[in-house]
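Take a look at the following structure, please.
First chain written, first letter: the chains are A, B, C, D, E and F, and each begins at residue 1.
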Amino acid sequence: MSSPLLEALLCLQSLQDLPRTGWIQRGIADPESIAGHVLGTCELILALGPRVQPPLDTDRALALALVHDAPEALLGDLPRTASELLPAGAKRTAEERAAKRVLGPLSDLALERFQEHARGETREARFARVCDRLQLGVRLLGYRRAGRAGLEEFEQTLRELDCGEFAPARALQAELLAELGATA
Amino acid sequence: MSSPLLEALLCLQSLQDLPRTGWIQRGIADPESIAGHVLGTCELILALGPRVQPPLDTDRALALALVHDAPEALLGDLPRTASELLPAGAKRTAEERAAKRVLGPLSDLALERFQEHARGETREARFARVCDRLQLGVRLLGYRRAGRAGLEEFEQTLRELDCGEFAPARALQAELLAELGATA
Amino acid sequence: MSSPLLEALLCLQSLQDLPRTGWIQRGIADPESIAGHVLGTCELILALGPRVQPPLDTDRALALALVHDAPEALLGDLPRTASELLPAGAKRTAEERAAKRVLGPLSDLALERFQEHARGETREARFARVCDRLQLGVRLLGYRRAGRAGLEEFEQTLRELDCGEFAPARALQAELLAELGATA
Amino acid sequence: MSSPLLEALLCLQSLQDLPRTGWIQRGIADPESIAGHVLGTCELILALGPRVQPPLDTDRALALALVHDAPEALLGDLPRTASELLPAGAKRTAEERAAKRVLGPLSDLALERFQEHARGETREARFARVCDRLQLGVRLLGYRRAGRAGLEEFEQTLRELDCGEFAPARALQAELLAELGATA
Amino acid sequence: MSSPLLEALLCLQSLQDLPRTGWIQRGIADPESIAGHVLGTCELILALGPRVQPPLDTDRALALALVHDAPEALLGDLPRTASELLPAGAKRTAEERAAKRVLGPLSDLALERFQEHARGETREARFARVCDRLQLGVRLLGYRRAGRAGLEEFEQTLRELDCGEFAPARALQAELLAELGATA
Amino acid sequence: MSSPLLEALLCLQSLQDLPRTGWIQRGIADPESIAGHVLGTCELILALGPRVQPPLDTDRALALALVHDAPEALLGDLPRTASELLPAGAKRTAEERAAKRVLGPLSDLALERFQEHARGETREARFARVCDRLQLGVRLLGYRRAGRAGLEEFEQTLRELDCGEFAPARALQAELLAELGATA
């Protein structure tokens, strides 16, 4: 039996192979993995973070995004329809438990970053969460330009996204919606 | 907007593309789909059903197995670790709601078969549930013979399976365990 | 060497991984598997069976559909072009031989269900065969909505399908053709 | 409607996506495509052809190998079990018809090369056929070294292969069998 | 340790699994492999070679095409953007070195064919190179008819292709551009 | 034409689909993507960073790792054999150019992080580079436990890795080598 640290690292490898359920539900048979989504979110943070005023800690925001989907290594990728059908609070509870199991053995820092993200109280956490949702829009545009269709629901989700206090995120959201309109 | 029936049929197509999470968690990057698992379960019922004494209704048992994973079209494939981490009863509640949404529009019969399976009160339901678990053993043996490793956890699950009142299931379980031992 | 029953079950696992050739021929590189097609056919039976008048045995019709493509575990998925190019009767002969080899070891029932389906003399058999063809239409609509194109040949096949004595099948056929028209 | 030449070229693209059925039947879910097999066969011809005594026309042997599986674009990849279960001569008949349809529109040369291969009367044709079978051995060794198992049947096929008049093919066959023995 | 010949053959198997990077860059997640591209190029040579005036040696042209991408087994598939970003001549140097390592152990003939292709001095070599580029057009049309989009860059590349001295290649190029126009 | 920022984000999506060439070369047909590798590297940094003495800036180290493979969106994944065969310095030059094109439009910060990583002068950069190499060992252990074989070369690479000034990295390296020994 290897160390808890090594076991946790091996457990997290399933994020490389788990596809994002929501895309499969809309007919994209072999979509991005959870790992792909996480990297895409981080790229958004790298792009938009330095443009945010007043300045925020982009490096820490990256760390928040990096861990935010770690629980899915134990839970699978729960699509929006699952969140709606599970009893209120059930997903949140399971994610907290899962984070303790897969991130705890990495380091206290890993778990702290997860909890900061989950609570959403700092600007960095709120920013990471906006970028998490915005990544869906970038991925959607990629699929649409590549000829995929039937994804109106995701476009609607993007339209309804509240980018809140982050002007650069609002600007990208607007550009994404304009580009999506142009591919329709 | 097409009919609820057609929308439900299209929704169920994601069972063809959703991989079984548990295998991914143990390093099989591109495992059987949920559809593959359902078909495998039905083949077991076709094989063992006619051998069960006293006789049971094999055709109805097939129908029970066919619908038992339909909720996963809305929930994704929840692995065992998810069941453990979700609050007690949450998965069951979500499955019942999901079944109403995806099976209800098909027919009353489809939903009745799901509920009979979920309640597990009839012999056919208990038999379908045993075959559901036994399919894991057949799939495991297939992977092991093909050179896959690191699946001891599934072997343990198979060993602990209570095949209850169904002697032909117990016989196959014993053969599977013997064959798995021979590949180790 | 394990039992003929277990060998047959392992042999049938290739239905999970064999893609449907016809879709590949029209540019869908990674299409539904045979297992996916079988499950889709059964879902149609569950949906339409209870609506048929006079009533038929939906559970038995499911069993018929479940075994109808089992020979492909030994033959591969023969596309329509193969049926046309093989000598008359060759495919049928091969399927009968293959069914004996893969279904015989399961149970007499499995083989009987296959033969009932192949002969097409009972209403349940004719109904299962109509649903087998109709599944192609549902899958086609799924692909079209997802942005796939170049599938006119399949649309033509659906248009020419004779749903015969089953009014609910005719109704779904009509809806599918209307929806396909709307995506063109 | 485009020219018969272009339609034939497009039709042949399915060789890129059609997996070799035989490997799937033995548990390799995502095996080499027909195109991969054809290229592998040609590499063998390039390697062994110049070593054959008396000299043969290696370039023409390549052309023979390149077209030999073209009919599978219309027939799918018929595994050995299909050949055994189809009536005698049925596969050969279908292949000839298919070759006319997919190779005829390319050029007379393409069809001639196919027919020379099928008749097996020239040394180049016999050599191309030996390399076709030998490629199975190279691919098998690749899979075995990568940890795949359960492929004894293919090893037996390789052992029984009669490399006939081609000493360099016999030498490689011997080396392959020795290497396979070393991985067992 | 097996012979250099066998090691080279095993090394070349990665051409079966390496996807063509350029398509991935434009949103086709699971595109043709290098092996698929090579086979497609050879089919073009088989089709157009016999139509070229004055006659050329089609069989030898096939051999040239067969080896032209062999270095990618060691280099990976370098997309056009890589060629532009690498220092001048770097790719060519690496390909020559790689060809010696993977083709040298096959036979002198294999390496000679590669070098003839790379120098592009014979008519057969120039013809093989034109067909290499033209295959991109056929593959592009296949993707476009199947509903893929966002591939304008490839269409532009096809438009700019100089088919030079080979009239049948120019004719196919024209037909491809016309067909692509019709799918837009 | 959308903004340079959005174009760069879309360009980076190919990191989700580009497989790591080195694994394909050793027989793993469908290995981790570049995105998967990047996420795995970051998880190592999250785990080991807080254990390093004297303390380093783990968040910044994450940012360094996140961008280090961004050039591969334009270059493809160059395996070790490519680095050896390209002229000295060619890969480095191409990566710098590529980084400017794909990271520049994101933000100055993104490009600075890349350059800090490439120069390797800060402790954070050296640590990120060690974790980049160490991820190969974790992934290797995952594959080996899952039954994959033929990966001795990667084990050798791990053995030769100089973890330098970072004791927690050396400890994990030792554990990985011990575990790999146990699976042999």
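In this text, a residue touches a chain if its C-beta (ideal position, glycine included) is under 8 Å from a C-beta of that chain, and two chains touch if they have at least 3 such contacts.
This structure is a prediction, so every number in the text was calculated from the model and none was measured.
S.K.: Would you kindly count the fewest steps from subunit A to subunit E, each step being a jump to a chain that touches the current one?
M.R.: Steps on the shortest route: 1.
S.K.: What shortest step count links subunit C and subunit F in the network of chain contacts?
M.R.: When the steps are counted carefully, the minimum from subunit C to subunit F is 2.
S.K.: For the interfaces D-F and A-F, which has the higher count of C-beta pairs in contact?
M.R.: Of D-F and A-F, more C-beta pairs in contact link A-F.
S.K.: As a quick test, compute the distance in whole Å between the mean CA positions of subunit A and subunit B.
M.R.: Computed value for the inter-centroid distance: 30 Å.
S.K.: Using Cα averages as centroids, what's the distance between subunit C and subunit E in whole Å?
M.R.: About 39 Å, centre to centre.
S.K.: Mind checking the centre-to-centre distance between subunit D and subunit E? Centres are C-alpha means, answer in whole Å.
M.R.: 21
S.K.: Rounded to the nearest whole Å, what is the centre-to-centre distance of subunit B and subunit E, using the mean of the C-alpha atoms as each centre?
M.R.: Taking the mean C-alpha position of each chain, the two centres sit 46 Å apart.
S.K.: Do you know which subunit E residues sit against two or more other chains?
M.R.: 13, 16-17, 27, 29-30, 142, 145, 147
S.K.: Indicate which of the five shapes (line, ring, star, complete, other) describes how the chains touch one another.
M.R.: other
S.K.: Run through the chains and report each pair that touches.
M.R.: Result of the pairwise touch check is A-B, A-C, A-E, A-F, B-C, B-D, B-F, C-D, C-E, D-E, D-F, E-F.
S.K.: Would you mind writing out the residues of subunit E in touch with subunit D in their complex?
M.R.: So the residues of subunit E in touch with subunit D come to 2-3, 5-6, 8-10, 12-13, 15-17, 32-33, 35-36, 38-40, 42-44, 46-51, 57-60, 62-63, 66-67, 103, 105-110, 113, 138-139, 141-142, 145, 172, 175-176, 179.
S.K.: State the interface residues of subunit C toward subunit E in the complex, per the touch definition above.
M.R.: Touching subunit E: residues 26-30, 147-150 of subunit C.
S.K.: What residues on subunit B touch subunit A, complex-wise?
M.R.: It is residues 11, 13-14, 16-19, 21, 24-25, 27, 29-30, 73-79, 81-82, 85-87, 89-91, 93-94, 97-98, 101 of subunit B that touch subunit A.
S.K.: Given the complex with subunit A, which residues does subunit C contribute to the contact?
M.R.: Residue list for subunit C touching subunit A: 30, 142-143, 145-147.
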